[in-house]
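Next come two complexes, and both contain chain A; in the first it sits with chain B, in the second with chain C.
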Partner chain A sequence: MKQASGMILATVLGTAAVARAQPAPGGAPSPDGKPVPVSDAAAPTGTPAPTGTPTTGVPASPYEPPPSDPGPLLGGQVDPPRDGRAGPQRRHPPMRFPEVLTTPTGWLLPAGVLYSRNAIDTGGGVTSDDRVGLGDVAEFGVATTDQVRERQLLADKPVRIQPYITASFRMGVEENRLFAGQPGVTLGFRKSFEREHAGFKTRIAELTLVASKHLGPDAAIHIGGTLWDASMQATAQVDDMPAPETTLHGHGLARQIRAFGGFEARPLPRSQILIDLGWAPDFCYQCTAETDRIKLRPELSWGVRYQVASFMHIESGVRVPDIGNFNLLDAQIFGQVTFTSFALSDAVETLK
Partner chain B sequence: MRAVLTVAALVIAARPAAADPDGARVFTVPTAWLLPAGAAGATLGIDHRGDTTAVASFGLGMAEAEIDQDTDIRGCTDCAMRPLPLRLGRAAFRLGVRQDAWLPGMPALVLGVRATFAAYDPAVPDPRASDAYAVASRDLGIVRLHAGVDALSASVAGRRAAARLRPLAALEVHPPMYPRSSLLGDLAWEPNLDAVHGASLGWLLGVGVRYQAFAWAQIELAVRARQGEDLGAATVMVRVNAFTRP
Partner chain C sequence: MQITAVRWPLHVVGPNNCHMQCGSLTLIALVIAARAAAAAPGEPAPPAAPVAAAADPGEAPAEGETVPRTPTTTLGRMFRGPFRSARLFAMPTADVIGAYVLTVSGEGSLLQQPGVLTSAGVLAVGFGDIAQLEYRHTEAIGITGLDAPVPAVGVQLKLPIPERSGIPAIGVAFRLGVPRGELLDGRNVDETVTDLYLVGRLRFTSLPWLTLHGGTRISFAKAAPAGADVVSRTLWLPTAGYELAMNPQASIIGELALAPQFQWMPAIQPAPAIGRGVLGRLGMKWRIVPSVILEGSLGYQVDDATPSEGFEAVVTWDIRLGAAVFVPWGALACRAVGVFCN
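And then the complex of A and B:
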């Protein structure tokens, strides 16, 4: 019995030691040894956080000076404690955005982080994208998109279908988690609810695999592949039978698979330049050729993300919906506001 | 050639500017000056015919977002009569670098795109105008130069005109004896929207003065003349610009 207790004690101590040696969930090593990632909302001025500083739920080392955070009004991320009884400051992990402008990144929201992006553009598009980070390995979101477009004939000017509601789930591994130099990788799935418009029912679904890698502390590249599917069906019945359904997958894999990518750079501490190229489906209801009825069109966007506060970013830029058939009149100027909140994450940590 | 060399020598000899001046446009010509990050700008203007202009802009570091309502574009259904101003809502995104950012003596550079998002009581059906421009600006002390190229595209009543390139040019003179005043002139092109024949382009010349009333506010008085209109049709406008700092 005494021997068993000793073994149990040794096992517990050994496990504790091993557990202690694990890096904190949010304290991922920086991609290149420099601690400021390109989307690091926690360090707006580019000042690197001390290497090895615990970031989530782990008290700061008593042998290191406490981090001097000036508070959110002065560009910091947390309020100073209101009284002396408050516990040690919780430092948040870096915020890396799940999207460049329209395409997904290989980064996930930190655990418990709430994310909300709301956008308008000169084409009359109004969209919203709300997500929550799940355990540093996944992310769930509900969004409205204005990227899906429709037209009656091939020569017609396409118009957007909105709101087009989608749900998304993404899972992945953060940068450098498995080995040094490993890019952040996410596998994402996005699916729309059925949308009925102009006498047709349409749906879209998208599977994405994307890798994101920092190129130094102030630049990053995103490269991915996407497998699209979409369907459309007339709501009118033919001889009491449902109208035939047209699908994108019915015309071969080559029409479904596309590559996408993006680049971001931070030339100023609070400002990032963003460029990305993605794809969006376009429905043509009266096109005679089956292959013209659902098509993927390339979409180019460029713009700037400006950090107003630790919890708020403004993005603005230009989006060209069908860059393959470029027309200056189709270019849209967009503006969007992104809010991020660690409130849920902090509340969960408090409960622990 | 000699003129080019002279301008180049002036540019190189110019002292590096501490900060770019304020103002995203001279009268019509866009400048390459960008608002500092977090700064905001507003412009309100009216001409002697009562046509108004309102612009709001916000600095994003190396870029600027702008939303405006103006009457620079003219339209007509019966173009034997004088074309009418079209009150359009437009938004612009400007991305660029400040002067001396990469090399001493380099001008500020901006790439901008402007698109129409609304038309208020238009005299022609479905007016739209977009343009993309590249412009360079340099502060040489007494004078400020602006030059660039603009790709303009417009449509009216469903008729689209392909994008066409036109130059942009502007000059500001700041006489040393009047430190708060400057003389301005600019030349730009704007679409004329003919509902029957489609869109065409016409030049727009502006000449006037700007008075720096406060560090944060300017007032401008200008005369603008257009291609195809006689001198009597020129408009006199007054405009106020204000800027905030972060």
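And then the complex of A and C:
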């Protein structure tokens, strides 16, 4: 009986210990202790995903690593552990891109994540976009864009002004943050430095509000509205006075507000098909009609994004700068590479 | 059931008295085991919760909680805080940074004035637990249309009222303006703004993620153009803001305020005029580590906007980035030379 009591006690304590060691129902806890949805719990993280077929029956999320992760050098998500003494690797939140191809999404970079996208195209355009995630609620970036175009007369073929340097600040609420099914929403602002070119000083600014929603594990849609503004002023003085400034907002809100959107789908674990429709300003320096001097032109882009490694994606596709005229002779084929890094985020965590 | 009446060492438990007491113990152990199993692994144990909350940099520190100042306090512990911010972006709040703490903060705008990096800053030193002395740039719209950071020295007080849900904390801030010169058409104009802020901060137990701020800025503005009469005016300027805690480290902040606006067109105006302009900021603060806060925001009506332009003139908005660093100088001095210790 004495032995039986000891066994009972040992069994009880052992059961308690085993039960306590089990994960909580509903998914693994996130780094901040909050429960994480099943689709995100195994998303690109610092820990290798379990191998084998998922037992939940849910299709693999596009934002999850492939089932068997060979490491980034071989195209995987994480390095295999090199040092057995090292502690458990930090779980990284899922990476969602702040742009489809040219239009913003309702997703933000995670806190401390560095993002750099560099692109070239067949029209000779070279652009760069560098951002940092701030506190999971915002991001700041500096970029060069080749979307802004100029022409002397309305009938002329527009040419790009580049580099056109902009700064951006976006803030928002991540998807499913407030309630289940809530789309990710961001309010973004992008503004350029003043650019002097061809005897004119120009500036652009864009205020956007966009919502992004997953449609199942392999697709997402982005819908937003934008309030564009731009200004143009000749550098030459008229009668010792500065030349009058032409602005887009000077011609009413109807000329400023536009809708934009995008769609992305992942037919293969590492490959996405992307399409978006955005707007870009076009300056006409010698146009006689005030309303023709600054106009917004629709821009359609489509392409593919391929995940080379957890920190590297390459994208390629076609961009039609003025789809309103459906002039495919102006279309450009572009290629871009995007790097993302959790190094700063990890360093911040280490400091804490 | 006699489990409280009998104290048996385990080794003397025998067959005659085993069944009832051991059964009770087993039952109790099973209940404890079930409770332990029911608790989620990530859920903190009740006794540990206050400690975790106190150590969390994102949590609002409890009233009176300060950085320990002892010779044995480590640097890591010193810079873990807690630290309190005494402002939203430009608006003071009903908090002070605390005794033996110094904060240096600054912000820059890449886009406020085309081609020019503009900046503003605050240097504040906690004075007791209810006051702070500061040198800062206060907000006003200059004659050139810019949101001109006018320098000021100030003192900020927090009324020592016990904090309760739904009852506002009250603060008073006085900022003594230092003249700032602006050049317009070759003529220099000295602009001075002296402010008295009365601000309140409201929190609710039922809405722990929300903090409301509101108050009035009584502004004494003066414009002194070279070779012309001095113009001065007293303005009552409402100011309001809010904070939404999005996660333990970051919050979204909105601020809307009226500010003194200097206007002068020498060709048609004999003297400058002083009016009101709207300044709005929407942004976030991210406590990257307990002693460092990063700020980012976008602002309305701070560029070279003319009064005829409205909300839709987004080309006149700007983006600002800033940071605040807290230095627990009292704890450092205690550790270094043994002064200012608790």
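Basically, the second predicted complex is superposed on the first by the 276 of 352 C-alpha atoms of A that agree within 3 Å, B and C clash if a C-alpha of one lies under 4 Å from a C-alpha of the other, contacts with A are read in each partner's own complex, and residues count from 1 in each chain.
Keep in mind that, in the parts below, a contact is a pair of C-beta atoms (placed from the backbone, for glycine too) under 8 Å apart; a residue touches a chain by one contact, two chains touch by 3 or more.
This is a predicted model, so every value here is computed, not measured.
Novice: More residues of chain A are touched by which chain, chain B or chain C?
Specialist: Chain A has more residues touched by C than by the other partner.
Novice: Using the touch definition from the top, say if A:Val318 reaches chain B (first), chain C (second), both or neither.
Specialist: A:Val318 sits against chain B, while chain C stays out of touch.
Novice: For A:Ala111, using the defined touch cut-off, is the partner it touches chain B, chain C, both, or neither? Pick first, second, both or neither.
Specialist: second
Novice: Based on the superposed arrangement, let me know which partner A:Glu264 touches: chain B (first), chain C (second), both, or neither?
Specialist: Neither partner.
Novice: Name the contact category of A:Tyr306: first (chain B only), second (chain C only), both, or neither.
Specialist: It touches chain B, and chain C stays clear.
Novice: So in the superposed three-chain picture, is A:Asp276 touching just chain B, just chain C, both, or none of them (first/second/both/neither)?
Specialist: A:Asp276 sits against neither chain B nor chain C.
Novice: Identify the partner contact of A:Asp136: answer first if only chain B is touched, second if only chain C is, both if each is, neither if none is.
Specialist: A:Asp136 contacts chain C only, not chain B.
Novice: Examine A:Asp146 and indicate which partner it touches, taking first as chain B and second as chain C; both and neither are also allowed.
Specialist: After superposition on chain A, A:Asp146 lies in contact with neither partner.
Novice: Which partner does A:Phe189 contact after superposing on A: first (chain B), second (chain C), both, neither?
Specialist: The answer is second: A:Phe189 touches chain C but not chain B.
Novice: Looking at A:Leu329 after the superposition, I want to know if it touches chain B, chain C, both of them or none. Which is it: first, second, both, neither?
Specialist: So A:Leu329 only meets chain B here.
Novice: Take the contacts of chain A with chain B and those with chain C, and give the residues found in both.
Specialist: Overlap of chain B and chain C footprints on chain A: empty.
Novice: Show me the residue ranges of chain A that touch chain B in the complex, using the header's touch definition.
Specialist: 121-124, 267-268, 270-271, 273, 302-304, 306, 308, 314, 316-318, 327-329, 331-333, 335
Novice: Which residues of chain A touch chain C in their complex?
Specialist: Against chain C, the touching part of chain A is residues 1-2, 5, 8-9, 12-13, 15-16, 19-24, 29, 32-33, 111-112, 134-138, 140, 167-169, 171, 173, 187, 189, 191, 193-194, 201, 203-207, 227-231, 247-249, 253, 256, 348, 351-352.
Novice: Note which residues of chain B are touching chain A in the complex, please.
Specialist: Going through chain B, the ones touching chain A are 37-38, 58, 60-63, 65, 90-93, 95, 113-117, 128-132, 151, 153-155, 160, 163.
Novice: Touching chain A in the complex: which residues of chain C?
Specialist: Against chain A, chain C makes touches at 10, 13-15, 18, 22, 25-26, 29-30, 32-33, 36-37, 39-42, 57, 110-111, 114-115, 246-252, 282-290, 294, 296-298, 309, 312-319, 321.
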